[in-house]
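These are the structures in question, set out in turn.
Heads up, the next two complexes both have chain A, just with different partners, chain B and then chain C.
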Partner chain A sequence: MFSEVVTPELFASAVRLATPIALAAIGGAVCERSGVVNIAMEGLMLISAFAGVAAALLFGNAWIGVFVAVLASVLFSAIHAWASINLRADQVISGTAINILALGVTGFLMETIFGHPGTTDTVKTIKPLMDLPAGGGGVLGTIWQWVDVVFLSYTPLVYVGMFSAVFLTWAMYRTRWGLRLRALGEHPRAADTVGINVLRGRWVAVLISGFMAGLAGANLTLEQVGSFTENMTNGRGFIALAANIFGRWTPGGAYMASLLFGFADALQLKLQLFSDVIKIPPQFFLMLPYILTVIVLAGVVGRAVAPASVGKPYKEKG
Partner chain B sequence: MRSKSSKIVALLLALAVMASLAVGCAKTPAPAPTTPAETPTTDVKAAMVTDVGGLGDKSFNDLSYAGLQRAEKELGVKIQVLESKEPTDYESNINQLATAGYSPIFAVGFLMTDTVTKVAPQFPDVNFGGIDIFFDPVDSNVIGLNFKEQEAGYLAGVVAGKLTTMTDADPRINDKKVVGFVGGMEIPPVQKFEAGFVAGVKSVNPDVQVKSVYTGSFTDAQKGIEAGKSLIEGGADIVFAAAGATGNGTAKACKDNKALFIGVDSDQYNTIDGIGDTILTSAVKRVDNAVFMTVKEAVDGTIKGGENKIFGLAEDGVGLAPYHDWDAKMPQEVKDSVDKAKADVIAGTVTVPESK
Partner chain C sequence: MSADPQAACELPPNVGQDRPPILELRNVSKRFPGVLANDDVSASVAPGEVLALLGENGAGKSTLMNVAYGLLSASAGEIVVDGNSVQIRAPRDAIRLGIGMVHQHFMLVEPLTVTENIVLGMEPTNSWGLIDRAVARKRVVEISAKYGLKVDPDSRVMDLSVGMQQRVEILKALYRDARILILDEPTAVLTPQEVHELFQIVRELVSQGLAVVIITHKLDEVMAFADRILVMRAGRVVGETTPEECSEQSLARMMVGRDVVLKIDKGPAKIGEVVLDVSDLVVLDDRKLPALKGVSFAVHGGEVLGIAGVSGNGQRELVEAITGLRRPSGGTVSLKGRDITHDDARRTIAAGVSHVPEDRHRRGLVLEFDLVENVALGDQRREPFSKHGILNRSALDTEARARIKDYDVRTPNEHVAASNLSGGNQQKLVLARELGRNPELLVASQPTRGLDVGAIEFVHRRIIAERDSGKAVLLVSMELEEVMSLSDRILVMYEGRVVAEFEGGQVTEEELGLFMTGGGRTPTEPSRASEEDTGA
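Right after this comes the complex of A and B.
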């Protein structure tokens, strides 16, 4: 039975389920490091998922859809940035407002553009980046099958997620921009005193987060599902928030945490097939990712130290 | 400065939230063209309150509305629809209709059970119909409209159980004798579909295995895809999904991975864009028939509250959708088995179980 459960597809499924969460969580890590909480990721994903499908249907090209999805998400994250950075509104309130707004706006536009609520028409989803031939028999063939399915079978944005996790972790710890970014979240007054533009730095971070959430929404609809359904994100933005904390506010950590959530989900979908052998109700597996989230938030897995000034608006001395 | 700008942004955000909540709270359908000469006149006014899925869900809400529209056309009743965007809209929508003199009022969906139970005693002269709701206890002005999902699932099971062994019928059918089931949440209507499906498969082919996966959501298409892929990898060549929009993902997984799909609730050949010959048929619930029959009783004056009605194959309350693209290549043996199973269930010689 073990060999039937632990298949290459199990890991591929985990990566596919993890990718929308991971893309958003990576952006969330950058955003929170700058001192701005981005609870709006759920809403940003929803808006970009919708905008992506609408544009792809209109122009008949999924890549234009990806572009519009990212654009829409960046625009909405600018609302969050303006409210929480320039106007110093409570960041959680501003983010929550965007989440609720996203539900309403997508529902409203659904009716005006498609004439009905529910689910949109289907777009042709983006193909996997590589389409490699299946391996032959024998040990080599099996190894090749594992490598092919687990690492090489994905659509482009999945690789963008992996790449940005590595790149942004490097940027955060090995570049001047990264040092400044972290300073903004730890002690913005000190950063300001040495001449760093706090407001501009935070704006950039929030927009990066919007960009990544846009990719997450695009991945969900344009690479995986192919159509938009109202509230189809189903809390992935909030899981991304948890993944970001689990990953200790680093892009790489956020990516790995998302993978864990994705794996728990893929595993429960797989294990249900063997419910005649494993006598555990499916609800148990369904709750695994959420239990993990609670454990993480309760601080059981090591102490998670947030950036010192996260959530606090910064006022320049004028 | 700080407090002033904060107030402004708070106000703007509050307005935005209100605007987004107000969207589509209550939508009045365009008045139907009146044809006074032909339509019989009646002063019955029938209405419905949708579940959060709203009109356009291509499922229960739309089907209920289709039943109302038929009543409007054939019986001349006035109709009205109020859409719920949030569960908190249920009560105000039902109250609004009851106050305006509509009766019967249909509450669409299991989730409105408590609301109807609470509101109904306040309007003793109004009849309330609950789609997919089994009332316990049931008030004298309340009718539960339930369906024998297991009978529709049974027929779907007969199709799948027969076809999965006929490897010559289509290249997508493998020799593994495994079929799959994808469920949304584990609630009674879904469990009944599953139980009927399993019974149907076993009735024609006891050695075919049925593997089930529940996704825990009716709106998560991505999970529907992964659940479908998981089943297909496990050997399933035909997958039956009773999972709302989650099932649309399963249909895509079937299409992409060269497996076959069976839809649910409405004829999903028409509702899933581009599904083509991936779909064999759908296990349908004729909510429209149940709604129409209830309105007709109101018009005829024979409507009787205080009971839970259960619509099965015999009442034309559930059934199997046409084969569409599969009509020509569906082996006659399968079609005959379905007809025989249907006759057996209606005659009462076969009783389909409600649970596994």
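Right after this comes the complex of A and C.
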């Protein structure tokens, strides 16, 4: 059974399933490093997943769908930025409001545009970036098959996820923007007293998070599923939040943590096929990623130290 | 009254007054909702001069300087730099004009390195627009050499001592070419040695032509280091003088508006029986590391035992272990012969231990509760305050009113929230509760932290009154002067151990300071010292 479970497809499916979580989690890391909690990622992903499909169906082009998905998510994240940065609202409440709003808006637009609840029509999903020929037989062929499937078989946004994990980690630790970003989330008043614009810095971070959540939603519908179903994000935004914590608020760490969740998901899908053989009900495997989330959030995995000022609204002056 | 340049010119020439002021604040007023924090205040400082801004807590000193630094906007008034009227809307404007400020609460990003903190907001960049770390580090090293401010540019700020962090703050201002340096209560958190070093640094800075403003409420520092003194009270400037022209006593009178007893007058101790006996106590801190590594001592009735030490050497854990807030992992604590090692706070209180905690706001009071409820805390189960779990409101009100009167808590009435009281009155309220229940032992941790002279006087008198009525007092304080003036016996704690013991009045601040920082010979452990001698 081992060789049937542990295949290159298992790992590829882990990466694919990790991607929407990772894209959102990377943005979440940027956002939280600036001092703003973004639990709205779930809602942002949902909005963009829907907007992407709707636009792709309307224009008959999946890339226009991606663009519209990102645009929608950025717009909704602006609501979060405005409420939590300018109005100094409780960030958890603002985020929750957006999550509820997203559920309502997508449900409503579903009925208005498609005339029925449930699932939309299907779009043609975006193709893998590379389409390489299968290898021959022998050891070399097997190696090639692993490399091809595990590394080279993905759709563009999967690579965007990998690239942004590396790029944003580098930017966070090596650029002026990154230094200032980290200062904002730790001690915004210190940043303010050396002339850094705290509110603007946080706005940019929230919008980046919106951008990334938009890519996550687009990846979900336009690269993976091909259609939108109500509440299809199914907690991925919250898992992204956990991945961000597990990854210690770094884009790279968030990506690796997402891979872990993706792997749990891929494994459970695979194991469901064998539930008759190993006599464990498939529902049990379905719980795996969520149990993992609970364990991570309960802080079993080391005591992660959050940015000192995360979640605290900042008032410029009196 | 006002500090206009003409009047300043008449002061002795040796105080830097021969030069025109570099920074002037003219008729500044700042109103907060319900408070006029600055009322028509004028002040000025010249290059090469140390101006002390002296006043009680809440006098408006920080507010005035925050206005100068652009952190607050004034309701009225004018700021003049180099003779030109300027607008300072935000700190970046102040920085551009050469004003630097070290805040009371440091503005440092703890996980970042010293260099990163110093360059933050003005990072040197290379041709790619990326931070040029080599250049940044080089500039930091240069400036720290120029002014004699030694600090490791690559350490993370969170790993530095408070004194070192303060240097980083000063370097931050110097990196931005500050010509005016404002230090807000710079000595509040320092050891005596660090204070000494700080004032050497300040001397170096003024000799290189900087103007320095030091905010403080400590009289001895002002006398020792200021060229000129501006005294503020309740938002106004009430006097301007020089150390040569005044005494601590006259400054205190100006600050408080009445005569103040600065030196505690206490008679000889009438030592009674052992009240608190701590033996070989081992306590872990929050990270489960040993904070107390076997501490033994006794406190007698009729004496104040003072514990001196730099914050974080086990004092907090000691206090928590005695008061039932933390479980010791070894050793015993007994009160009048009864073992209370494993008693919780409730039983410790019942046994006769009262506690004035170091953090008034988080542990001393429930800020949202009114004064009556705060007075009742800890005694709420006792009759007549409650019966069968139901509070007796009228008994509580009566008791609270009596104690408020007894302890001179200034409040409109007993039903306002504790958060509305000033710091001094909050502390009086804590004392009213803790001493009002007539304990055997008072454990007072930093009882005057952040209080002004008037309130400090009150707290000190009450502590001595406890001692004189035969009670035992354990006093933990970072203020050496306080420990020295109140204690009949002094223990010095360093890294979880008692490293020295002195009779009150037989030790100098410098000696204590030395032991507090791990120096000195340990008179309580002569055997070990002689071992080292023979081993060498």
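The working rule: the second predicted complex is superposed on the first by the 312 of 318 C-alpha atoms of A that agree within 3 Å, B and C clash if a C-alpha of one lies under 4 Å from a C-alpha of the other, contacts with A are read in each partner's own complex, and residues count from 1 in each chain.
Convention: contacts are C-beta pairs under 8 Å (C-beta built on N, C-alpha and C of every residue); 3 or more make two chains touch, one makes a residue touch a chain.
Small disclaimer: the values here were computed from a predicted structure and weren't measured.
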Will chain C clash with chain B on chain A after the two structures are superposed, or do they fit? fit
Given the superposition on chain A, what is the angle at the CA centre of chain A with arms to the CA centres of chain B and chain C, as a multiple of 10 degrees? 130
Between chain C and chain B, which one touches more residues of chain A when both complexes sit on the common chain A? B
For A:E223, using the defined touch cut-off, is the partner it touches chain B, chain C, both, or neither? Pick first, second, both or neither. neither
Kindly classify A:E42 by the partners it touches after superposition: chain B alone (first), chain C alone (second), both, or neither? neither
Which holds for A:H116: it touches chain B only (first), chain C only (second), both, or neither? first
Once the shared chain is lined up, is A:D148 touching chain B (first), chain C (second), both, or neither of them? neither
Is A:S13 contacted by the first partner chain B, the second partner chain C, both or neither? first
Go through the superposed model and pick first if A:S94 touches only chain B, second if only chain C, both, or neither. first
Quick check: superposed on A, how many Å separate the nearest Cα atoms of chain B and chain C? 11
So which positions on chain A get touched by both chain B and chain C? none
Of all residues in chain A, which touch chain C in the complex? 174-176, 179-180, 182-183, 186-187, 189-196, 308, 317-318
What does chain B use to touch chain A in their complex? 2, 5-6, 8-10, 13-14, 16-17, 19-21, 23-24, 53-58, 85, 186, 211-217, 219-223, 225-227, 229-231, 233-234, 245, 248-249, 252, 272-274
Show me the residue ranges of chain A that touch chain B in the complex, using the header's touch definition. 4, 7, 9, 13, 16-17, 20, 83, 86-89, 93-94, 97, 100-101, 103-105, 107-108, 111, 115-119, 121-122, 220, 224-227, 229-232, 234, 265-266, 269-270, 272-273, 275, 282-283, 286, 315
Chain A touches which residues of chain C in the complex? 32, 69-73, 90-92, 95, 101, 103, 106-112, 116-117, 120-123, 125, 129-131, 172, 176
